[in-house]
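After this come two complexes, each holding chain A, first together with chain B and then together with chain C.
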Partner chain A sequence: MQNLSYLYNIPLFQPPTSSKTIGKTWGYYHARNHKNNLSATQRSIIRTLLSATIFSPSTIWFQIEKDRLSFKVLEMALVADALQATIGASEPWPDDVLLFQQYKAEQITLPDCTQCLAVEAFLRMCGLRFNVKCKTNAEEMSPSGKVPFIQAGPYLVSEFDPVVGFVGRKGFSLSRDMSDTDRSEMRAYMSMLENILGNAELYMAWLNPEISKEVTKPRYGCSYPWPLNWVLAWRKQRAVIARLTANDWSSKSVEEVTEEVHTCCLALSEKLDKKKFFFGDSPTELDALVYGHLYTLLTTKLPGGPFTSVIREFQNLAEFCKRVDSAYFSD
Partner chain B sequence: MASEKMKLEVWKGDWGLPSVDPHCLAVLAYCKYSGVPVEVIKTGNPWRSPTGNFPVLRHKGEAYCKVTDIFSYLRKEHWGSDFELSTKQSADVVAFSALLEEKLLPALLHLWWMDDKTFLDVTRPWYARAIPFPLSLFLPGRTQKKAELRVNLTKGGESISEMETEAKVYKEAKECLNLLSHKLGEKQYMFGRLPSSLDALVFGYLAPLLKAPLPNNQLHNHLIQCDNLCRVVNDVLVTFFPADLREMEEKKKKEEQKSKNISTDNSEFPNRRRNMILAGFFALSAMAAYAWSSGLIQIQISDIDPAPSPNSRTNNRRGPAGVEAGVGQS
Partner chain C sequence: MGAVHAKAPPSGTIRDSQPTGIKTTSTPVSKKEENDVKLNIDKLPVRVQRIVVDGLTRTKDDIVIKEIKPLLNAKTFDELVHLSYNAKVKMERLGLFKNVVIAIDVSKDHRENGYEVLFEVQEFRRVDGGIHTSITNNDGSLDFQVKMPNILGRGERFSLDYTVGTKRTHGYGAYFKKPLNNNPDIFFGTTAYQFYGEYPWSGYKQTDRGLAFDLTFPTILGSHNIQWEGVWRDLRALTRDTSFSVREQAGHSLKSSLKHTFTIDTRDNLVLPTAGMLWRTSQEYAGLGGNVEFAKQDGMFQWNTSLPLDAIFQMSLAGGLMRTLDPNASVSISDRFFLGGPLTLRGFNLKGCGPHSHDNALGAESYWLAAAHLYSPLPFRPGKGRFGELFKTHFFINAGNLCNLDFNNLGASFQDFATNMRWSYGCGVVLCMGRIARLELNYVVPMRVQKGDKANPGLQFGIGIQFL
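Showing the complex of A and B:
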């Protein structure tokens, strides 16, 4: 295995040994053959990435198609803050940012839909340019295996929190002017949404026998031919059940789950009160996340309509959704 | 109010804590805050617990095992200080409790059960000692598996490696500690002067982190830097659980005495040396006796000789020389 260190003057890694890293080996090797195709910027990016010891070779790999170099970066939020600053600050927000997700009308499942909508709302609230691109295999394309993810220049960033971090490093943030106390409250409410509503959506979509059989599974497998649509949906369901068993949600009854959702909405409603947004007149990350969850739950028609009635009880939350919808999604 | 006394079963304590388990600590703290007349049973035998874990609250023939269930039951029985909170503050309690469960609990599980060094040095020995014999063989392993599943399935995923999961979990936990510290500020408790159920939860999660002697202490070090959080935990321990602190001090004293005893042993050193010399002498003489009896060395006693020659006289005078010669012959 030849290495690149002489090319870029970078410290050398252990050559990958396990079969899992073969893809990355190919990436390195390939890059070497195309060294003449790399621009100066691309080289500097590679050097930054590889020279930071925190960035283990398993977290990145890159490939070159003709003259285009693309990185696959897993979980941007995991790397050291210093490195994030150097990567993010180097370039402005690119023009061709793409937000990948599944097809909304036919394919996407309820929990994924909330996440996609939240990320979309967040990017719109920041006033950033981007295009939504629907792909049937968006889930497989994502570096973390979860939708949605954005492609900004050479970077792939998936899920809400990493996207927020990535956008923040480009100089856009919704919570910059908040006090420390407010920001910690915002983070707390965001984890409440993930913890309660996120799990409740998974529970309803995959564990409720009626909904999973009639809605979720057919939708999840809709882009595959016959035996595969059944097998993949079944595998996904098993993974979700394992996850909910691990955090004690699968043992709950529907009533208990509804009760949790009610508590969560009550807390949100109290926090929102009569304000325009959760923390005053301008939106924050929390607003994007709340909108993503509640709007999806309010507008999705599921057999039994589990949570719609619960959310409808809270007038100000429904109005909040309408407000965000008309302010940021009017086009 | 309650005709029958409530019984609360919790894991045993150590290191000056009333219990080592975060959830048990939270329930204990909640009971102390609101003065619930509860009989606390500190045990290490989860045989009778419905879930195989603690805490368990038994009252009127019912058993409650989850922290949230216990809190809501106590609230139903009108115990607790959460009634003083405004609706907004109650909303904050829900949000921050979720924050703790989402961000801090995975890190604690990882620290106690998945960090190899801590698990081998602290967690497994402790539980193996606390749990009675047949259960102690498989319960720690089962709990570890459960913790692993919980952390990996909720925080990791197929395409994320273990190292990355670990880094993510600890990063989130540190962030969570910062957020808690900001929220607490300079106040005595999270919402002013009265402790709430949130304070009980925070105490439960932070106290073991602060007090337990863990080999992997990155979270411990981070917590120490949040002065106000440490202050609250120590205050609660001093005010509400003085008995356990005293117990720890006594234990410490005992240990000190023990170490003193060892040092007095050292002061009897001359005596020991004498014994050693005696033993060595005994061993030597026994060996010599055996060697003589088996004929390895021969000692000639030449006094009987009526006309001693000059040679034999020197032999007689210098016994050891004779012995040396004997050994040399053999």
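Showing the complex of A and C:
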């Protein structure tokens, strides 16, 4: 933390000492409460942090108590990712870029699928050449332990935000022409997506007893022989439960989760309105992310999965998914 | 044992007549004019009337009775001493007792030729433990051990180990060993372990969690060991710079393999033998369940002979071959052969020979290695007969090769195998440490190096238990 604050010259307000002090992320806060009570200085610091794409929104957690703001950076590996990406920025986009992910038909789980689809959509929206490569061990190969990741020359970049950062340094960006206000608004929405839909997907896939037993765990373990198939699925489930417990999501009921998803979709639907994309006529990172999440949720058939019906309530979101699908995934 | 010369004690007290712990009381002899009598007890007829075993707490009666019963058939005193001694050695080797003292006495009711034998046994403590350091190849580790010898009373041994290594390796394991059929050379063992290791020469780290059962038994030729092992291996890239060829192999694998090892070892010392030979071959078949399928054959031969002037000539050969049995997968990096290092193919870095990708050794599916050493004592023999015996100077020449065989074109592959070999020579000092490990400081000249090899000419230091 000391080094980072020096590196980016950002004053640290009382860095939290334990991970228990994690509060709401700013993006989440912003989306839910427009009457935010942050001071102008605090807001500008947050904006600086978020617009410095060296951090992704989900890697910084904020806590607001009275007049104090504290934050901590999670997952230093991602920072290293971004730093490495900075070094590789001067080279052009190579021809042999590969996007690694798990097998879609048999193996991949719902939350991983949304991430893979979002990255793929983003790269397609940027018009970049790449090939998708399916590997059963993509998760273990990934430098951060999460799918998807891209291999561009000697560089490996995993997950959505670092990929966006890496591609940005190669001179491709979907949000370059946006105003600062729009960009920070987009980041807020992206953060909300990750925090509501991301957690809701994990919740449904791994915590819902029926889905986890009949769909998620058998799929997760499908490439391994007995008894690894259930040991690994069980370990993954425990890790997800630990993560959701830290976020206070594991104690929620299905109704509460559905309600959160509904709120999130409502916010997205209002933002999209009748526009072609969320910020006008051209797609942004947010469009890729929304497509990744919603398309997967709409097209995945899960036993008793209530999300599909929630999303179908919002006609414009379903149409948006179809539009992106036909525009970028028609081949 | 030939004639036992017994000297009648002046006062008739018991004293040790042999350092092996056998106490004999001289038989009552008629007082002669001389105090010293020479008595040939070889043929002295005996009838064992009673055998007492003192000190048994948890050792089961049946196993002890089985060992001492032959004593009842002893016909002569010589035979009795022999049998008693054998019983003592066997019971100690079975791990029943820490120490056994035998006392043979005439029987109390003074029948003719009546004897009784007393075994004073000392059992092991129920729980014993220790901390010691151990050395594997170029890595030291600290081992914490808790052991329970003779845990069930029939020579079974149970131990728990925790190991921390210098290269961030750590692991723990439980081991259970049971001699079968009261024979300390035939035993059944089972172990469960978890081990985390880092392999910087190949840029990966791996966590092994495994379970193994093995059976060891001797034959007239040598010792056999048959082992089944089921191990779950979690391989990950060690750093961000790990080669993609290694990273591609990351993930979980489950190996279930059957391995047979055959050993003949007639050497007089494990580290610096002066005579004898070692022959060890092993066959491993992986694919009884799990998702790792290969067949592997590995072997080594070492021959030592003493020359004049305390010199020793040693010749070693080793080789191995493996083949994947799964047409869709190649053998994983954690099962492959590697070559090079300060104790094997000297003059090269540890695992520094053969195919590399971005500085990461990839290993190969076959190798051969040969070495010849000429050992001699240190010049001017400092510390002769004492610590000086732990040191030897040696001159050596070693050669080897590591490559992947093309099974469709074996002729060309074997030709490659011979022509693309690496070899080096040099000299240095060997230190024998603790009778199992070996430390070498050598000056090496690599003579043939192939592209991609990491040669290490000049001074090279090595420490380990496996060497060639």
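In this text, the second predicted complex is superposed on the first by the 243 of 331 C-alpha atoms of A that agree within 3 Å, B and C clash if a C-alpha of one lies under 4 Å from a C-alpha of the other, contacts with A are read in each partner's own complex, and residues count from 1 in each chain.
Heads up, the rule we're going with is that a residue touches a chain if its C-beta (ideal position, glycine included) is under 8 Å from a C-beta of that chain, and two chains touch if they have at least 3 such contacts.
Because the structure is a prediction, the values reported are computed rather than measured.
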Fit or clash - chain C, chain B, common chain A: fit
First (chain B), second (chain C), both or neither touched by A:281: neither
Touching partner for A:255 - first (chain B), second (chain C), both, neither: neither
Which of chain B and chain C A:247 touches, first, second, both or neither: first
Dominant toucher of chain A (residue count), chain B or chain C: B
Partner chain in contact with A:231 - chain B first, chain C second, else both or neither: second
Chain B versus chain C as contact partner of A:331, first or second or both or neither: neither
Chain B versus chain C as contact partner of A:196, first or second or both or neither: first
First, second, both or neither for A:143, with chain B first and chain C second: both
After superposition on chain A, the shortest CA separation from chain B to chain C (Å): 10
Common interface positions of chain A, toward chain B and toward chain C: 143
Interface residues, chain A side, partner chain B - complex: 56, 58-59, 74-75, 77-78, 143-146, 180-181, 183-185, 187-189, 191-192, 194-196, 242-243, 245-248, 263-264, 266-268, 270-271, 273
Chain B residues touching chain A - in the complex, by the definition given at the top: 66, 87-88, 90-92, 94-96, 98-99, 101-103, 146, 149-150, 153-154, 157-161, 163-164, 167-168, 171, 175, 178-180, 182-183, 185
Sites on chain A touched by chain C in the complex: 80, 84, 135-137, 139-141, 143, 151, 156, 224-226, 228, 231-232
Touch list for chain C against partner chain A, complex: 232, 234-237, 240, 244, 247-252, 254, 289-291
